[in-house]
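Next, two complexes with chain A in common: one pairs it with chain B, the other with chain C.
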Partner chain A sequence: MTHELGTQVGQLARRSVIRTLRQPAQIVPSLIFPLFLLAVNSGGLKSVTNLPGFPTDSYLTFALAITFMQGALFSVINSGTDLARDIETGFLNRMALTPLRGSALLSGLLAGSLLLGLMQALAYLIIGLAFGAELVAGVGGFFVIIALSVSVTVAFGTIGMFAALRTGSGEAVQGLFPVFFVFLFLSSMALPLNLIQTDWFHTVASINPVSYLLQAFRSLLIEGWEPSKIALGFGIALGIGTLGMLAASSALKSRLVRT
Partner chain B sequence: MNAENSTKGTAGTDGIEAIGLVREFKKGPRAVDGIDLRVEPGEIYGFLGPNGAGKSTTVLMLTTLLPPTAGTARVAGFDIVKEGPRVRSAIGAALQEAALDPLLTGTEHMRLQTSLHGLGKAERERRGGELLERVGLTRAADRKVGGYSGGMKRRLDLALALAHEPRILFLDEPTTGLDIQSRTALWEEVARLAAEDGVTVFLTTQYLEEADVLADRVGIIDHGNIVAEGTPTELKAEIGRPTVEAVPCNPEEREHTAAVLARFGEPADGAAKGAAVLLSGGDAGLAEVVRALDSEGIKIETLQLHAPSLDDVFLAKTGRSLEGAEEAVEETEDERAEVGAAEPA
Partner chain C sequence: MSADFRNIARAVAWRSVHNFLTNKALLIPALIFPLFFFASFAGGLSAVSNVPGFDFPTGYTAFQYVFVLMQSAAFGGVFTGFGIARDFESGFGRRYLLAATDRRGIIAGYGIAALLRAFVTWAVLTAVALVAGMQIDGSPIDLVGMYTLAILVNITATLWAAGVALRVRSIQGGPLMQLPIFLILFVAPVYVPLSLLSGWIHAVASVNPVTALLEAGRGFISGEPTVIGLAFALGIILPILFALWSRGGLRRAEAAG
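Our next item is the complex of A and B:
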């Protein structure tokens, strides 16, 4: 990375972080909503742990993984809405008139997602553990879960940026939220894959990458160190992030038609 | 005019030159329909026209943010299509609507803008502080922009456009929506930039007064075409003479007043209570009119001299007034908005 590019990324990252910290309305729901659902689910679905083959007798531990995914969904909305606002207000055009590089813009914007992801992951994990969730992988697992959660949040953030650049509309980006929620529901969110009995649901959940992201979180919480599951989780996050970045870069080129 | 030669001329170095510039949008009309223009270094060029006339599209093309469909243009001596990055390094622009982040402070905006332009840390601080002071925002520098007034936002917008000391400045309707005090303050700053720093200013406006007061030369654009160009004085002189209107104290003397005024020019419409004529000898004839009315014993209630305005120029060139043109283009603009500004034909 050249010095100039580093400065651009740094300044845009700084802006993104400042924006995130100055919007409590962006941070609070992404912290409260997943924790609220965690409280409801872990109380209401406790009896599911009695199913033969269920991996743990603590549904709280099982459901804790879902909060990380729900938090990442907020990242899609937050990063995308911020960028869409820049397009709508002409701020992107202002930046386009500088020697700004597209890669610096996208990387800088993701810094806000990274910060939000870090805050979310720490809050979910600390509160989950405080209320009795297990963490079989121990202290090392704590840090790996945080890293995985941040990776997933940033990866999902690239999808938000792509949507913003493609549509140029904050409303369109927010319209993605239910779509992503469907993806979450059609995964191993509520039950492990091996316990899903309905054929079509099992098939869909088996090919849904979200299932393997959940599996990576759960392996650390429930099973301990399962390198293949953890690697798969990071690999999927990396894959989504890479595809998202490529798509966002392409959309940025179309959006910034500067000569 | 030849684009190749233009770089050797004065307009080639710090000026602007466009030849046959066209921009078409999908399913829409030609927003810009083959305009030629030339702006000399250090000049303030006012680009006057109603909404939807093609002013902003022209600015987007000249600032390299929108490729032209046809034609060529050179800004600061660089081709807007082939040398976009070099054009951008030479220009500053405050586009329509102050594009600011309401969550950042004035200082943070300056820091971001100067660093994106590659200024070093010390230079960033110096330049940022200097510009904020220049536009009178030092005291508000650490406040979030969301709390700024319209005038403050426009001044910050101007300061950001000047961050890298551009030789050419594009201002797209910089005073739209501002009160007269903020507008006047911005005019003074723009005039100072051109006069003291030698910055070339390309200013679009829909305000006649703005073009009249600020611009060295004015180009009037309508339906994507430049319909008139020249200094405000030249343009007004081109379309006609001043009108003098006299209203007698005694309404019964209206006919008599009209007969006296008729000695000084052709009768003009619009004087309901009195009489009006287009002065054949220009405004120098006003003194003689006063003397003639006095010698005829006509007591005058009001006597007004109407000098031609740029709106009269617009009326003469397009057949309608600038204010009336606003509504006429609304429908066209709506259609264009549906197509999307960035979609080429």
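Our next item is the complex of A and C:
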């Protein structure tokens, strides 16, 4: 990375981080909502740990993985809404008049997602453990979960940026939230794959990458160190991030041409 | 009920229903969301019916159908509240206030629209549930009881959301309409019967009025009616209370001009 590019990324990252920190309306729901659902689901579905084959006797531990995915979904909306606002207010047009590189713009904007992802992951994990969730992988697992959560959050953030660049509308980005929730719900979110009995649901959950992201978190929480599951989780996050970044770059070029 | 009241209610209802049916952005989420919840709960969690102590012979699909029915009833009311807020934000609501001789008809009109919206959603949800193999053990009279409860839930939620919308008069009041409904629905026995809940959620669900509504609805669909008296008492008292709440909201909107 050249010095010039580094400066550009740094400036935009600083702006993105400050903007995130100045918007409690972005931070608070992304912390509260997943924790509320964790509390409700871990209470409401506690009895399913009695099912033969359920991997743990603590549904709180099993459900803790879901919070990281829900936090990542908020990242889609937050990063997308921020960029859409930049488009709506003309900030992107002003940036187009400068020698700023597209890659710097996108990377810098992701800094806010990265910070939010870090805050979310720490909050979910610490609160989950405080309320009795297990972490079989130990201290090392703690840091790997944080790293994986941040990776997933940033990866999902690129999808939000792509949506913002394609639509140029914060309202349209907000409308994506339910669509992404579908991916979460049609996964092994509530039960492990081997206990999903409905055939079509099992098939959908088996090809849904979210199931494997959940599996990576759960492997650290419930089983300990399972390198293949962890690597698959990081690989999927990297894949989503790469595809999202490529799509966002392409959409950025189109938008700047339109501008 | 005066002719003015009826005319105003009909006009407001017609406009709201027309908007709902002709605007894809309103219609599609209203249909998709309940189906999506139904698919993910009834499909993804069907193994829950094997949990020791889970006793609902009509099947897990029917068990979740009742929850999604009540949920869509409540959210049909909330989304109508969004429409009220949007109308007042854009100034259309003030024109309603100017034109209406009996302004209670405005709330009634939105209420009728919410109910018609819910009927559309329920028709699609029920069709999908039946195609998915949902079993119904209740008699036709039981089913009338279940849908009557859902109607009462829809009316309650509409009056609640209308009260908020008329006070805030901005779509920014959306979370205030939505969150309490969301919270009260999910701290009820959503996935398993009350007897299988434990800890804090059991304590909260035991005093949550939604629990009685769900248990009565599930009793109706399984042909073993239970807690009917409590459920219908709640279904009558809550709309009366929230009618007063929405009437207060209307007065606020009138005072704001």
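What we mean here is this: the second predicted complex is superposed on the first by the 257 of 259 C-alpha atoms of A that agree within 3 Å, B and C clash if a C-alpha of one lies under 4 Å from a C-alpha of the other, contacts with A are read in each partner's own complex, and residues count from 1 in each chain.
The rule is short, and it goes like this: a contact is a pair of C-beta atoms (placed from the backbone, for glycine too) under 8 Å apart; a residue touches a chain by one contact, two chains touch by 3 or more.
Just so it is clear, the structure is predicted and the values come from calculations on it, not from any experiment.
Q: Looking at A:195, would you say it contacts chain B, chain C, both, or neither? Reply first, second, both or neither.
A: second
Q: Is A:255 contacted by the first partner chain B, the second partner chain C, both or neither?
A: first
Q: After lining up the shared chain so the two structures overlap, which partner does A:45 touch, if you call chain B first and chain C second: first, second, both or neither?
A: Only chain C is touched by A:45; chain B is not.
Q: Once chain A of both complexes is superposed, is A:98 in touch with chain B (first), chain C (second), both, or neither?
A: Touch status of A:98: first partner only.
Q: Answer with first, second, both or neither: which of chain B and chain C does A:7 touch in the superposed model?
A: It touches chain B, and chain C stays clear.
Q: Which of the two partners, first being chain B and second being chain C, lies in contact with A:90: first, second, both, or neither?
A: A:90 contacts chain B only, not chain C.
Q: Looking at the overlay, does A:19 come into contact with chain B only (first), chain C only (second), both, or neither?
A: So A:19 only meets chain B here.
Q: Identify the overlap between the chain B-contacting and the chain C-contacting residues of chain A.
A: none
Q: How about chain A: which of its residues touch chain B in the complex?
A: 4, 7-8, 10-12, 14-15, 18-19, 22-23, 86, 89-91, 93-100, 254-255, 257-259
Q: Okay, in this complex, where on chain A does chain C touch?
A: 36-37, 39-40, 43-48, 50-51, 175, 178, 182, 185-186, 189-191, 195-198, 200-201, 205
Q: If you look only at chain C, which of its residues touch chain A in the complex?
A: By the definition above, chain C touches chain A via 25, 29, 32-33, 36-37, 39-40, 42-48, 50-54, 183, 186-187, 189-192, 196-202.
Q: Once bound in the complex, which stretches of chain B touch chain A?
A: Of all residues in chain B, those touching chain A are 63-67, 80-82, 84-85, 87-89, 91-93, 95-97, 99-101, 103-104, 108, 111-113, 115-118, 144, 160, 164, 342, 344.
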